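Structures are listed in the sections that come next.
Two complexes follow with chain A in common, the first pairing it with chain B and the second with chain C.
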Partner chain A sequence: MAELALQKIGKGFGGKSVIEDLDLHVSSGEMVCLLGPSGSGKTTTLRMIGGFILPDTGHIFIDNVDVSQATPDKRPTAMVFQQYALWPNMTVFQNIAFGLKLRNLPRREIQEKVHSVLDLVDLRAQAKSYPAQLSGGQQQRVALARALVLKPKVLLLDEPLSNLDAQLRHKVRDEIREIQQHSRITTVFVTHDQDEAMSVSDRVAVLSAGKIEQFDTPDNLYAYPRTEFVANFIGSMNMFEGRLVNHRIEVNGMSLAFPSRISESINDVKIAVRPEDVELHDSSPAFPSGAIKRRIPRGHYAELILETAMGEMRAFVPNGYSVSDTTGFSFRRVLVYSDSKLLDTYVANVDLHLTGIGGVRP
Partner chain B sequence: MMSNQNSVQSGFLPIPSIRRTVSPSQALSRSLATALVLALLIFVLGPLVVLVLWAFAGEWFYPSLIPQKFSLSWWSTVLSDSHFGHSVLLSFIFAPVVTILSACICLPAAYAFSRYQFPGRRAMFIGIFATNAFPKMGLYIAIAGILYATHLMDTFWGVIVIQLMNTVVVMTWIPAAAFSAVPKSLEEAARDVGAGPFRTFWHVTLPMARPGIIVAMIQAFLASFDEAQGTFLVGAPNYITMPVQMYSMVTNYPQQAAAVYSILLSMPSLILLLLIRKYIVGGYLAAGFRMK
Partner chain C sequence: MVNRRWIGFLMAALPIAFLLAFVGLPTVESFFYTFGYTGGPNAVVSEMAQNQVVSHHGATLGVYTELWKMASFRADFIATIWVTIASVALLLVISWVIALYLRFSDGWLARVASSLYLIPMFIPSVIASYALVTFWNSGGFVDALAKHLGDPNFPSFGYTLFGVVIGNVWTGLPFAVLMLASGLRNVPDSYIEAARDVGARAWTVSLRILLPMNTLPIIIVATFNCIGVLGAYTVPYLMGPTAPQLLGVAMTSYFSAYNEPQQAEAMAVMVFILAAAVGTWYVIANLRLDRKSGSV
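Moving on, here comes the complex of A and B:
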């Protein structure tokens, strides 16, 4: 149980800034995920917490102790590496016991601790095996056990699931979350897989170009993406460029009306609609219409690609919903971005009314 | 191959006539290859066979193909001679001392080359090869000048210095490649669980690089053990190792004695090379020359 705080962290490599003024506060026992595309600085940030890279500026506190310039062996952190980094010349037992031996613990105590952590990850039978004799999933659990046995204040996971196949990934993901919940260990997890991030984290920090775009719970991240980047990065999103004039948003001659919350005119805004918020209707003059270009089966729902006057649009619809070639549509919920920031959100029937001149283009 | 070229060049000829020329040419190239392999075998093994024959020959005069008389007398002569005994002793002192010193000097350098970026890294790494790039004798004479000035000529440490020269390339390049082959994350993982830089090196890096280091040490041992030119220049007249002794053997003794002696000189090399065979097959030698 420990608190982790990053304060105005900055890091550059060869004169090129990778992380700038990054602040992050992880509460005790919380599991936080650093999510972002490659090159966003998420791994650099994790490695700075672990001490493998020292920050150029700023401070890192673990339980209010400044560890910014400490080497990894002097930090109460433990890392599970992406490639596991198990020592091939040592058995599973020796791998896990190595850190305890360095601390000069008595032999009996080392044995007890190693065996109890092996039970935790269900690998007691493999204690005498060498890493090369284990499957990927087992190696992954040894790496986790090696980190946990030292009772670190902060557990760091660097894309720990990226080397596992899809089925195993779900299983190990749930195991990691269960162990984390059980031990209430403060955990920072790096991934580029949003599904992974959303499903195990208490909070997710979305990084882009060395900056945190949004640090929020998975639910909020999905419902209220505060920047255009997050809106595009998390889940699927329809984005349309438009103009804000007289309390209306105009997109390609189609207009969205809403109550006057924003009075000024803004020349370029973007409106974002989740595919599940696109509602389909029978063709009627009451709704703008679109042509169905493609239907992609997704299992328990279907994805439609519509050609509309606003541009191409994705819609998620229930199975068994019969669709004709042309269909009317409306939006249940709309997000408006200006200057890449979330300006406002609108919900259908409360404050959103969609009118248009066009349906299908000839 | 041959048939394709023929058919292209003489496209108008009826095909069967071309086909007939194929199998004789293939048979020819096969027998040519066999002949080449045999020639190579004779070239490599021939002198060795002759050497063994000489070592056990009592009398062997032209034009006989094998010795007229076989004898072990030259073995007892060589093995009981005190000069020779002293040379053997010296060789088995110099080679291990040079190997260990070379390891102490070159292994840290090898580690630095493989793990750290520093100005002039590449130039220095290639520069080490300079010790092998020039004719040895020229280099030795320049070094002898320095050894004279520092009163190291005809001394134990003078010989050590000159023999170290020959070990620098293998002792740096091969271990550097071996260190580079140890994933950095394995060292980071050791640091992460609380090991300092030294313990990380000792418990993780060194055990993993060990095969490459063993190959380099055996190569260094052999380089020192077989070194004659520099040792003769610096060590004569008091430090006459086995290969230096070979020179006087060839000129001052019958051929049989020289043959016995060269077999003795080859034994350690042969034994060591057999011992490290599996590592050499493993490509550690080649890896040293692929380092960037």
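Moving on, here comes the complex of A and C:
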């Protein structure tokens, strides 16, 4: 178990900055996910932690030891690569034992350690197989075993599930989390898949253009996305541009009443509503209405695309609605953003009243 | 469907028939000639040849035993094996180092080197051999330089077996570097990084990861050069000593200068057996690699 700290890390390639002043603190035994779209700098950050790229500025500390300029073989880290990178000329056993042999451990000790880690990933029967003879999931577990056998202080996972099919991905994802929790190893996991990040991590760092937009628990990221980018990137979100007029938010001629105090200096805002926070009602003058344009079955619920005066809107609702139905709607919870930042003053006000033109909700 | 099959057969049959007529038949004819069969298509050559071993009933190994009794042939045979092994070993080491440099360097020097190593491919081996002999020979540039620097006994490589090795390395270098550099380029960075991550230094990565992962190009370079050197003529003729000679040169001497085609062809059969052994090793090594990669 070890603490990992990145302080003011910066990295550029060919004169173009990829990471800027990035700070990150991973607690001992924690599993943190670096999540972001392509080009956000998540893999570069991971590779800097592993020593495959050296930072231009800033420092990387593992248990308060500065390893910023150390080569990978001098760092107490181990990486699981995206393509697994199992050496095809070696058997599973040889792949895992390679690092131990370089440390000149006695043969018996090497065998014990390798067999122990093979038991952990449930691959003892495949010890003599070559990587090409294994399935994708098995190869992934061998790569994990090869990293774990060296007992690193920090485990680094570079999109380790991206080459697996959807079903296997879920299974291996759960296995990785189980092994991580069992070994209590500090882990940094890179992915562009938000579902993967949310389901295995203690905390998630959402990156965009080389900066951390938000570093928080999965629950907080979903409930309180602090920037517009995170709101759009995590989960599904309805976004509407509006203006603050007399303590109300006007969106395309509709008006949201806000009981909270609003700064006079703010004019343009965006309101964000999760599809599950869109509540449907029977058509009545009390609620603004929308037409159901499309219905996407999602199993035990349905996703509706509504055509409203505010614009197109997604809603997660129980099954039973049909296309072309007209329905009234209101919002259970609204997030308000100004200058791409969350005005969290208003987030707590879940009981918002939606006002349609010519009609006020009683 | 049937027509298509016939068209395919005819398309293949034409070059096969050509090869059989112009290469296959003379090879078979020569092969039998070395076992004492002087009749049939060998009748004409046997009329003119000297020191012939003739078998009136069945086959005889007389020409082979006669050759092996000759000290000069044994010396030629051993010299050929030595030069082949030394040439291939030196070629592999030099081309591996160059290929490694090209794989891991991206500066201007690497870019220049990536073009320079192809130059020997465009220089005829006759010219290259003369250039090398002039450079390394007694009285050549290196010798003159050594004398000027005060070493009158600097060894010259011209007309020595080692000179032949240098010549073979020169002629084999472009193909060898091309193959090895291409093999190294195909090794993804993640394999190298994974090795560094578990604690391997550059030397260990080269020997334990890159070398085994490039077995196929190494085998191709080794076998092709091995077979090429075994039957080489130009470089050993121009750069090699008078004795021992390499078998390629000895075969020519026996064939034209001594008018002993049967002995020359027996030598060719022995070179063929050596080359076939190398070829068999190539096939077996390939099969083993396929098994490891899961394709067999």
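In this section, the second predicted complex is superposed on the first by the 342 of 362 C-alpha atoms of A that agree within 3 Å, B and C clash if a C-alpha of one lies under 4 Å from a C-alpha of the other, contacts with A are read in each partner's own complex, and residues count from 1 in each chain.
Here is the rule we go by: contacts are C-beta pairs under 8 Å (C-beta built on N, C-alpha and C of every residue); 3 or more make two chains touch, one makes a residue touch a chain.
Because the structure is a prediction, the values reported are computed rather than measured.
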Combined model on chain A where chain B meets chain C, clash or fit: clash
Contacts of A:Val121 with chain B and chain C, given as first, second, both or neither: neither
Contacts of A:Ala132 with chain B and chain C, given as first, second, both or neither: second
Touched partner set for A:Val206, first chain B, second chain C, both or neither: neither
Which superposed partner A:Gly50 touches (first chain B, second chain C, both, neither): both
Which of chain B and chain C A:Asn89 touches, first, second, both or neither: both
Footprint overlap on chain A, where chain B in one structure and chain C in the other make contact: 50, 52, 71-73, 77-79, 81-83, 85-89, 98-99, 102-103, 146-147, 150
Chain A to chain C touching residues, read off their complex: 50, 52, 71-73, 77-79, 81-83, 85-90, 98-99, 102-103, 130, 132-133, 146-147, 150
For the chain A and chain B complex, residues of the former touching the latter: 50-52, 71-73, 77-79, 81-83, 85-89, 98-99, 102-103, 146-147, 150
Residues of chain C defined as touching chain A within the complex: 188, 190-191, 193-201, 204, 208-209, 212-213, 215, 292-295
Interface residues, chain B side, partner chain A - complex: 183, 185-186, 188-196, 199, 203-204, 207-208
